[in-house]
Amino acid sequence: MSNTFGKIYKISTYGESHGKAIGVIIDGCPSGIEVNEKDIQKELDRRKPGQSKITTQRKEDDNIEILSGIFNGKTTGSPISLIIKNKDQKSSDYNHISTSFRPSHADFTYHKKYKNRDHRGGGRSSARETANWVAAGAISKKILHDLKIKIHAYVSKVGKLELNKTYNELDFDNTENNIVRCPDNKFAEKFISIIDDARKNRDTVGGVITCVIKGCPIGIGEPIFRKLHAELGMAMLSINAVKGFEYGSGFKGVEMFGSEHNDEFQIKSGKISTKSNNSGGIQGGISNGEDIYFNVAFKPVSTIMKDQDSIDSNNKNTIIKGKGRHDPCVVPRAVPIVESMASNVLVDLYLQSKK
Amino acid sequence: MSNTFGKIYKISTYGESHGKAIGVIIDGCPSGIEVNEKDIQKELDRRKPGQSKITTQRKEDDNIEILSGIFNGKTTGSPISLIIKNKDQKSSDYNHISTSFRPSHADFTYHKKYKNRDHRGGGRSSARETANWVAAGAISKKILHDLKIKIHAYVSKVGKLELNKTYNELDFDNTENNIVRCPDNKFAEKFISIIDDARKNRDTVGGVITCVIKGCPIGIGEPIFRKLHAELGMAMLSINAVKGFEYGSGFKGVEMFGSEHNDEFQIKSGKISTKSNNSGGIQGGISNGEDIYFNVAFKPVSTIMKDQDSIDSNNKNTIIKGKGRHDPCVVPRAVPIVESMASNVLVDLYLQSKK
Amino acid sequence: MSNTFGKIYKISTYGESHGKAIGVIIDGCPSGIEVNEKDIQKELDRRKPGQSKITTQRKEDDNIEILSGIFNGKTTGSPISLIIKNKDQKSSDYNHISTSFRPSHADFTYHKKYKNRDHRGGGRSSARETANWVAAGAISKKILHDLKIKIHAYVSKVGKLELNKTYNELDFDNTENNIVRCPDNKFAEKFISIIDDARKNRDTVGGVITCVIKGCPIGIGEPIFRKLHAELGMAMLSINAVKGFEYGSGFKGVEMFGSEHNDEFQIKSGKISTKSNNSGGIQGGISNGEDIYFNVAFKPVSTIMKDQDSIDSNNKNTIIKGKGRHDPCVVPRAVPIVESMASNVLVDLYLQSKK
Amino acid sequence: MSNTFGKIYKISTYGESHGKAIGVIIDGCPSGIEVNEKDIQKELDRRKPGQSKITTQRKEDDNIEILSGIFNGKTTGSPISLIIKNKDQKSSDYNHISTSFRPSHADFTYHKKYKNRDHRGGGRSSARETANWVAAGAISKKILHDLKIKIHAYVSKVGKLELNKTYNELDFDNTENNIVRCPDNKFAEKFISIIDDARKNRDTVGGVITCVIKGCPIGIGEPIFRKLHAELGMAMLSINAVKGFEYGSGFKGVEMFGSEHNDEFQIKSGKISTKSNNSGGIQGGISNGEDIYFNVAFKPVSTIMKDQDSIDSNNKNTIIKGKGRHDPCVVPRAVPIVESMASNVLVDLYLQSKK
């Protein structure tokens, strides 16, 4: 397996959904960064289950504990170990999948690849893992904060309904004011209603998260194989349920002519900038000082409360019954995950650019 | 910079567009693989400039030479060094950009990041680099061939026109029969005409490449941070001009309900398979034995034959004039690049899975 | 910092001497290996403080706890997280070094490099870290066990006294029968007495550990930059207090002529072997099937119970007083550390060779 | 295989002794460093064969050519590709080892590990590879030059004769004034005579190289797994024929008591320094500002002009006859190799410390 992300700001994670604990080691964090458990807890609380009617009703407090790497309230340059002990587990909810495979889950592929599979709560394949990423992101965000770089993610589409405003027309301060995390209140209400309808129908629905990075200095990203957008893409595609990534003009940019798409340069307020920003703030893999923005597509959650055809480990037909407490739509809780992974990528590439 | 791709089947590249040569070292290729220069040349010829009226008229033969790692016609396990000497260079075509920045190119960001920039032909940022990737891909394809894994890429969209068939309805043997590399002849003609119109209009246009991988065994891909689709996404987003990546149901999957999207399991011809394949052959980051398929979005080429506003390195306004010989659309020549990078990813993860 | 060792069997560690806990994540361990806490505890007990009169009198039970990666008594392929909570800490013993630097310790260099230094018990620089390596080694030893590879380390020199037998003349079963871990009882007694004298004299003394690996198959090690002996050397030189590494004929081999030193090949019992083994079982960086053997030099422990001249963080002269409970000689407790790191290296290179 | 060295200043090499060329890509070199072919050639000339009566009489000019990464005389931050074409090859000299194995060479282990082995001149296992390391070292030395760090290696022992002076008593300016590269003329003469006697006797002899690094700033090296001395050790143990590495007090330090060995701190000329330097300039893996020094043990060259018993690939007894043109002792030509690898390590860790 590969459980380490990043080259310089490296996060190494462990833990299964129903094991004793999950956790992350952050190696490569510079010394002297102020970090405390509250900073991290705040971000984890945005991701935690049970926070509203449109998320899973499972209750996990996800209390973070710092085991190493902080002294006198600041990082020491030593690895920072963060641990979240597991608590509200109903492993018996999962007995039915110990020998059979939930459709569109990782049960089957894990079984084939590793033979000895911890099926409880999905084991290692559970999205619970992303709590580790958010915890690491809470620390990388502190570094970005000192660099005046801000990351804003929000829900821009649920099911077939798409927010009809660009990020420039939105007030990001409003994102946390509703349970779906869309800064436009009207769309937020509609999104909530779509999700709630899916839930009532024992079904799930997909969505898109848009992420905007403001204040990124020129020069972040490596030009050939660690292009800023390629690293962001890889990070986003690592998140459970993600099916696509596009930045700047994205898939729509395909339809344009070069003369429309190109971002001409100008001098504005004494600084070089571009007149348009189809490049999404990245040229040749390197940040150019404009806003960075990208979209992440999430499929509908695979666990539904309906019967589904499946196969068991003896190659026999079986029916998978919907059980347990699950999210009808992943995007509201995925907003802090997207932000955190973007933050982890940025800090990693920022530190690389300092060599 | 980061000029190495892969962890086990590792490719390390070098070279500028108008330098003495470009080249690639492949480290980690197993011994005993039959490789000769013809195999590699064949793939390079699919990517080379000047192959048709809808590609750049620049003539580069891109002759590959093997410098090491092959003995008695087979790999030895030692690093394979491949070199392509540069020939048809008109560096004077680029004098105008030695101190000014082409819109939506990497000139500006390289200048800011590295100060000392080889501007000739775009230097290191030129898509000429991808010839190295194709050369490495020709060798990884040999490994896949022995494993009976096949990769088929083709052009599925140009500008606003999208091929209205799924990959199952296409005959991949037909892809190389037209200059745009679309296996559907009718659409091929239309795509060619759109590109040719853009060219005549001194403009450029974008496109989408679809890639299908057949015969991939179950178990390729790592479940947390080297998910098969995340690695494919990163590889594709590393290709010049790429703006987006989606696999399986992709961005359209967002609009579905879980009950529609889930791929139920079945036994068919004695083997476990899925009834649908919205997962795109990958579950939890690991191949499940079904076809893998994904889309890659390419923006319109940034070099257009029209005047554009820009800035020079003294922060003065300037006009960039369109010069040189360039592609009106990148997708026909990018088909072998997409295939090669998919092949490089697959072999790398295949070898990792063997540990 | 770099707190990860290995490329495929990767161990990532954290923890300070007087922090909440130390721990290690093992990523890349194959699935299906039987592992339980007792196996690991047994190895840790060989390293733990307070085990005899010639080790520190500090009492640390070093209880291992498995947090992840094991299911039904076997590894799952997922990262294995091991934690050892810290207990018997007298941090006040270290107040005197919060602003001054112990000679030949890492206090000064950490202070200069990281500014914010956890001085308690040496913080991250404490040899307590090596408990993590031994824990990881207990698991890699299980893998070697299945491959019938055996590692035997023992003390072969203390101060000026050197064991006058080669490893072939020793019975490794006897190593654990005395507190200094030398399989020759006579020398063991003498070594113990040298160490005890140093202790009584409030001083410390150095030593050499010899390590022998039997049963290593042909082909382990990479020929250019991950030569088996280079990896072993790096691993040993990572252990606190190590000043030198030699394998096979080592520094004495320098004095020989090629005609004496070369290991001629022969057929013996139907198998290719070498008549002599100055190569130490490694040729061109790759194991050749003969016994692997090497020596590791440990300096005298830097913490002595005597006054020493030093400087504080205000650049003022100061006297460092010997305090706390420390080892008069590191080698008895370092025997399992040497074995564990040898084991971690071997498994890592073994897994690499399987690609 | 693993043909890449370093994490940030990364060198990736290729090439066989009798192939078309050998070469190295340097990735991660900062932009703006002045580099030309003469700088590199000068270092290669120190390593090249045929330079005196005590080296091989093989003539290889080892002409370096820069293929990429330099523009207007300075590095651009892009990978620097260096190539040395092979010329004076008498591959027929090696026909006898195409199916049999030279004692203490890598023929046997390569054969077993890779099956398809390029036997000509030792193929990939030839010390010719180290020309790549010296070429990369010539560039890293330029970086160290700007940092005022100087590396001085010299021969300190040949066969049983050891130079009886410490490095402080030597004038390094004298090292290049004799063909054995020992700064003490009297010992140089004796060393030359020992080597020449071995040569006349169709035999070979071992030696030790001592290396001193002056001017290294405080803070280079990572404290746990990339300790400065562990990286130096790994680098040295990667050089062909190396059997041991020790730094500071080394193996002799074992015999000392802590009270003798510890390096007490003092203020001297307003700066913190240590009264003694048994630490060899490194404490806890990090440079402390004192001189760094270490010894590297080289075995006698394995190729001797005498008959030796061996085995062929059909497991039959055979006699290996001494043929070709070889070094009677490796140390004179290894001096620039030791310096170069030390330089490559230092620059890599220096760049890492800048994050």
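A few notes on this one:
Note that the chains take the letters A, B, C and D in the order they are written out, and that residue 1 is the start of every chain.
In the analysis below, a contact is a pair of C-beta atoms (placed from the backbone, for glycine too) under 8 Å apart; a residue touches a chain by one contact, two chains touch by 3 or more.
Predicted, not measured: the structure shown is a model, and the values here were computed from it.
Common partners of chain A and chain D, by the touch rule above, are B, C. Chain centre most remote from that of chain D: A (centre = mean of CA atoms). If you average the Cα atoms of chain A and of chain C, the two centres end up 40 Å apart. Centre-to-centre separation of chain A and chain B, using mean CA positions: 27 Å. Residue positions of chain B touching 2 or more other chains, listed in rising order: 1-4, 13, 28, 113, 124, 352.
Interface residues of chain B, counted against chain D in their complex, comprise 1-4, 10, 12-16, 19-23, 25, 27-28, 31-32, 65-69, 71-72, 74-81, 83, 113-118, 123-124.
Those residues of chain B lying in contact with chain A across their complex are 1-5, 7, 13, 101, 103-106, 108-110, 112-113, 124-125, 129, 157, 159-160, 198, 201, 203-208, 218-219, 221-227, 229-231, 233-234, 237-238, 243-251, 253-267, 272, 274-275, 278-280, 283-288, 295, 297-304, 306, 308-311, 315, 317, 352-353.
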